[in-house]
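Shared chain: chain A. Partners: chain B in the first complex, chain C in the second.
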Partner chain A sequence: MTNNIWEAQLDITPSDHKPVELTLDHCIKCNICVTACPVTAVTDLFPGPKYVGPQAGRFRHQGQPSPDHSVDYCNGCRVCNMVCPTGVKIAEINGRARAHIVQSGQVPLRRKLRNNLIARPELMGKVGQPLAPIANVLLHSGFGRFFAKLLLDIAPNAPLPRFSGERFSRWARKRPDAVRSARKVVYFHGCSTEYFEARVGKAAVQVLEANGFEVIVPPQNCCGLPLLSNGEFAAAQAYHESNIHHLIDYVKQGCVIVGTSTSCTLTLKEEAPEMLAYHTPDAQLLTANTFDIHEFLVHLLDAGELKTDGLKPMPLTLAYHPPCQYRAHRLGRPSTEIMALIPELTIIESQAACCGVGGTYGYKAEKYDITMAVGKSLFDFVQEVNGPIAVCDSETCRWNIAAVTGVPFVHPIELLAAAYGYEPEGPLAEVMK
Partner chain B sequence: MTNDVLVIGAGLAGLTTAWQASLHGKGVRVIAKGWGATHWHAGCVDVLGYWPMESETPVANPAATLPDLLAANPQHPYALVGLARLAAALDGLQQLCSDAGYPLVGSLDKNWRLPTAVGAARPTCLAPATMIAGNLDDHAPMLLVGFKQLPDFYANVAADNLAQQGIPARHVALDLPALAGRNFTTAVNLARFMQQSDFRAAVVQAVKPHLGEAARVGFPAVLGLEEATAVHQDLQAQLGRPVFEIPGLPPSVAGMRLHRILKSAIEKNGGRVYDGMEAIGFAADGGRVTAVYTETSGRPRQHRYDRVVLATGGILGGGIVTNHAGEVGEVVFNLPLRHPENRLEWFRRDFLDKQGHPIYRSGVSVNENFQPMNGRVVYQNLFAAGNTLAGFEAIRERSFDGVALATGFVVGNLVGN
Partner chain C sequence: MRTIQTEVLVIGGGATGTGVIADLALRGFRCALVEKRDLAHGTTGRYHGLLHSGGRYAVKDPKAATECIEENVILRRIMPHCIEDTGGFFVVTPWDDDAFGDRFMQGCRDTAVPCEEISIPHMLREEPHLNPGISRCFRVPDGSADSFLATQSVAALAQAHGAQILHYYEVKQLIRQGDRVVGALCYDLVKDEEVAVHADLVVNAAGAWAGKIAHTAEVEVNVRAGKGTMIAASYRIVNTVVNRCKMPADGDIIVPVHTVSIIGTTDEGVPDPEHFAIEPWEVQLMMQEAAKIVPGWHDLRMLRCWGGVRPLYQETKVADTRDVTRAYTLLDHETRDGVAGFITITGGKWTTYRQMAQVTVDRVCEKLGTARPCTTHETVVPNPFEQGHGRQHHNLGQRLADVEKEEAFGQLICECELATRADVEHAITQGEAKTIDDVRRDVRVGMGPCQGGFCTYRVAAIWHELKKPSIEETNVTLRDFLQERWKGLMPILWGPQLKQERLDELIYLSVLNADHLPGPRASRLGPAMYEPGTVWESDHAHV
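Take a look at the complex of A and B:
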């Protein structure tokens, strides 16, 4: 038996892969992107997606000096792509322009060091997680933060997560009660679940197993998005190739890849191939078979295969921020559709374009104030809703908003797992006591 | 929420359709490739500006002129809508905007003549209260205010042109300290600044020495986004005379306000409006559209809805595409279109020909229930609204918003019932 529950949809030919830079010819200069850009709205340092993307794109040429002074202030939220009426891939144009600056050696050494450190959560996790008790104290001490700023220009108030006591993949490997089934999915945990928030991965496994799937957790790497966002394309491509190597055989056997970190799944599907212009047959196969977890659950729901009976009521009113990286999948709001199944749960959705953190963007001292200004309306919203916890699909957004508002955040999959009757961990456990 | 009505397109027609259908309690989803016509048009409702099209004189009373138009062009979307439902659509939008604290002023009996950004007179039926003091039937002297850092509005050009038409108009270009560090700014950024009281105070302080005889003061349409009415009233109070906005180049701040009001109304009724969702295909069975597919990051997403409304716009909006071979196509359902057969007949000789260009009349033919037709109804549950419809010349007639609003209103009620 295969997992091809979406088979009915595959007779539609997906749109062609236009080279990113060629899409700039579709720009009609209407400036709609400028009206929607959350960064332009708060700082003069970023004049707007149209100017920096398709417009400056006409002045970029390999072997010529870069015309860019402001492209590095794009935080990659992709709101511009979403509102563009003519399909210009503005955020990707910006990302590739930044990579050109990096490759041509125009980034000062201290910043390049910093960017290469914060863009490697996998490396940080491998080093830091085994030393979790010490690393957490050090990273969260005023002393540690002072030196991080002094040496590497890392914003002293940026929201650093805490290493978890146990790596998620270790938990997954040693479970005696794992479900065995002919219906198999591969779970892509990403660095955040692996090193910082194992509870999200546990909830995902519980939900998938409750729906009769066997969950495979193969070795895997960082998706490479932080490196892509910092213009370090060679290193990002190495990660992407490694992930294809680890995952593609499962896909060829009929498994799909399901992830809870929405920017990781977007990277596997689209960002890595587009930014790197990496469209091998295996990369395309991975794109076609990777799912954000709630996208996957909505497919089950539409097919009448999602477990929806006996859900535990959750009498809570919670703020939910659908993050920009999640909206950029262009799926609508699958998480909202799934959370709506939980009895007595009231979800109030934010209208904010972006929380501002942009993955690693908000960790940079020179960009921290912009992050705070971009996220302000969202921070106010979360505090107005005033729930005991709040909900968001993306980890760096959760950490950022929680750090500013003091409201603990959970991933929406944790709510469904708890509604299925599994024992929650972390902030949700406190609320459900 | 049930899957009742899927609207493809989020311009004025699509949003109006969804708003009306949602008022009937239907489960509504709007999908759009991006934001569209609302951000491009002036934020007014032009119903009929010129008729006959070659006329040099703008229509003074649309209600009185429309019967002539319908008699001459029974295929016109207004003929399908009928004057009563057109009036109801205008009333409905006025009520919605009024409830949102942003009144649209006017009626079908009278066109305003309001100034454009180059100082020409433009006929329009409904305009926001923030624009009305620009009325050119009133000859009171005006001061037009520009901003040195806003290259989208040259107060001197508008003022000189108005003065030549007998409207006493002077101009000033402000160079405010708050903007001094910028090479340029945009209308939207200025609108955000205008919502800050200290910025407004600086504007007032800079304008006051230039007031002189001016009985009214005109600004580009940048007087706030969601707080436009308060910004407008505050400036009037501080300057001690009527203040008006002049819409200019896209993106249109006034159009964004309408977009926001309509989207909020849909969402308040439980509907959803999604951007970044391009419709790329569909499935049909037994004469019905069973699913619409949209492009996503991985694979097409399926939308199964009981009724589907096509509101993707015309050639300008992207709902209708043309190519060098002279083919004209509709982008989602590949519907049969009415269009000039021969590419040589697409255009007239003069760019600004008073009759407009025949290609712009291309569009979808519909029956009285706004169902696309090909001799017979193409799909029983498919409807079309707005500028994707055939048989009219929105640009020359100045009927773009009126057709979008009225057909959206009628179709929204049809699919909502």
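Take a look at the complex of A and C:
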């Protein structure tokens, strides 16, 4: 039986999952992760992935409060996992160690409040988006930022996004011209598209429809990654379970899940199940059938099913940063492959390991300087390329790099949608004028 | 020849010998101890790490059980820094007899070993990696004990009370005048010279070597060496001591010690306490038995394998049985053999070392015609490495917490065991370290998963800086230690540890060219390697 890429795989063999801590046994102390870690390189506060991961892991005791704090300086970029020659799940060990610190009540109250706020983009979106005009002014005023720092230790210069005028899901629901087709995919928009950058979701829907798919946008929650990175596992698990609940029936009917937020898709695919040790059959089914949008498009391309004719030329030279959370999918560079199809578009890829923001990490006052130091070479690179806009798949990275460099950022899917002839919005519209 | 004069000479720097010297010093005797290597170089430093509750002997050997629980309580009080209060389980696995559980409970009751049965779900909550097929579980006050630190601490206590501790002094021959032992002829391995130590009384606490020592004074003490093999898995898969609930046998205990979990042990008679092999069948048996307790054991990384020798005493003569228990043996050679000035204390457990020392020194008092009460049961033993920190039980997270508190991340010499530069420097300059292996016993360098891969060259560099030996001497110090680590790796080279060794080999042999550096290949302070194991001939070997 040949399986179409857009048909969900239902006959997966459930794999046997060991706790990630057991992988520490494979560490041969080679230090490759330490030399690759972008955080260790810039601060003495973070002793490095080897130290906080497999090494400290041997001293953690399930029944005792975690004696370590340096692990909280890991920004979760997962570069260590990627370079480890023996397969130690370092980032997950760190994430679980941090959760242990949180659970044992070792985080001071103010920080705990802050972390719980910034780790809930869905909540912020639900409250803030309807009040977008006021909320945007307030959050971006010096006054608002001053109080955010004072009350919650939120870095005054951290890149806060702006709420969209309309929620993406509302737009998706109201479309009279939506394509109906036997080929269906489910789109996972994530919080950033839903509340802040509806244009990314629109571009995704346009591209998928241009390729003959009907796009289903079911109700869904935050993927839970920000909570996972802040050690709030119980809340993260509630989100994950709710997402499985919302999505699994579509998968069982044969639809795959496609997302534009690289870290959301990575969370559904890998981070949530591994960090939470949550491996129910449904969770495994979801894992096997979730795709990053460019991963999905590359599969279509390979099958000769991607629309590649009549693409509009785009005479631009743009910097592109493949985010660490994207590389962690271990897929190569699918976005680069797709962007290469667009005539006259020149993409210069960054070699930087990480922009530093690490999701919510860069929003924390005590970590902001580290974020800036980690991202330095990337910021310089973007400024050197000096395009009118730059490209990145991950939202917090886009916001961070844009805030520092002043160069507006777009998601690569927006370029393809524009090349297909759709009217762009936001920074790309300015450039294409 | 150099001579040393003292009142009581103790031979052997294991738990027993250091216990005796501390008790002697506390009772005001002038005394000296000679140890042919570093303290705890013998069985004491190669044991399983279990502070017995007595549970293991509750059915088979009630007297030993009672001794263990008495001492268990005392040791927790006097040397808390050496003990981790892990607690212990006795578990009935599917391979064991359910009914033994009741005999076990009764045995514990009879010997006053505290014991309670807990439910299997409760057990699994505490120790999720245990075999879910376990049918019964009993909790006892077992613990995990650091014999290196304990021996060092007890020796430091003795020194603080005026005792002389002589490391790397090997007894070649007891000095006998007529029917009296009056001292021992020793060889100082470091200075390469002979030294005569004269004493009014000699205490032979040489463990499995006790027979050899006595023999030099033409006194026959039949101590057989019973080898036991143990394997350490690279981390704490359990945090509680887990014993099989059945008659004591091979490979039936897993002890969490510091960062590792140790499965042990076997019991095989060997001709010589110094030269023996670790047999492949022993390694296989340990792996197989451990998996009955922790089903995932085979997937763990084995870190190291080693063997220690029990002193098994067998009386061949009519003994002075007054102080002889089945657990340990005190021989007064004046009454037993007509040779005065000479006592042998042997057998026993690490757990009962203090009691063994007490009865020995009681006898010394008797022999020397004085009555001085023992105080070791109420004298807290300070931690020589950490002034003022000695009053709390050791716990697993302690080192990590210390490093975190001091933010000493950049100062780690042994990254696996979190030994800092300050720790290593202290051991080299303040302690008695003569080799890197001695530094290891003090601060655990080289004892983690990489087995010295990344710390040996660092320690060698610090050693060279601080001690200022010739380059050749430093090179041989480095080589001796690499050889010592290699010794315990050979029996378990598979999986991750094989990868690790390959990396270590590349570091030392290819990058650092360690085996061609100037200087002798090995020194007399280097390790005695294990003998090759018995080779099994496969039926198809010659086809």
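The rule is simple: the second predicted complex is superposed on the first by the 416 of 433 C-alpha atoms of A that agree within 3 Å, B and C clash if a C-alpha of one lies under 4 Å from a C-alpha of the other, contacts with A are read in each partner's own complex, and residues count from 1 in each chain.
Note that in this section a residue touches a chain if its C-beta (ideal position, glycine included) is under 8 Å from a C-beta of that chain, and two chains touch if they have at least 3 such contacts.
Worth saying up front: this structure is predicted, and the values here are computed from it rather than measured.
Q: Using the superposition on chain A described above, determine whether A:Gln55 touches chain B (first), chain C (second), both, or neither.
A: In the superposition, A:Gln55 contacts chain C only.
Q: Between chain B (first) and chain C (second), which, if any, makes contact with A:Gly63: first, second, both or neither?
A: A:Gly63 contacts chain C only, not chain B.
Q: Is A:Asp25 touching anything from chain B or chain C once the two structures are fitted on A? First, second, both or neither.
A: second
Q: Looking at the overlay, what does A:Asp44 touch: chain B (first), chain C (second), both, or neither?
A: Once the two structures are laid over each other on A, A:Asp44 reaches both partners.
Q: Have a look at where A:Arg330 lands relative to chain B and chain C in the superposition and call it first, second, both or neither.
A: first
Q: Look at the residues of chain A and decide whether chain B or chain C touches more of them.
A: B
Q: Can you list the residues of chain A that touch chain B in one structure and chain C in the other?
A: 30, 44, 47-48, 86
Q: For the complex, give me every residue of chain A touching chain C.
A: Residue positions touching the partner: 18, 22, 24-30, 44-45, 47-48, 50-51, 55-64, 66-70, 86.
Q: Any idea which chain B residues touch chain A in the complex?
A: 29, 31, 33-36, 39-40, 181-182, 184, 186, 188-189, 192, 250-251, 256, 272, 274-278, 280-281, 293-302, 304, 317-318
Q: In the complex, go through chain C and note every residue touching chain A.
A: Listed in rising order, the residues are 126, 234-236, 239, 259, 296, 299-301, 395-401, 404, 407, 409-410, 412, 415-416, 418, 448-450, 453-454, 496, 499-500, 503.
Q: Residue numbers of chain A touching chain B in their complex, please.
A: Residues 6, 8-10, 12-15, 30-32, 34-36, 40-41, 44, 47-48, 81-87, 266, 269-270, 287-291, 295, 302, 327-333 of chain A touch chain B in their complex.
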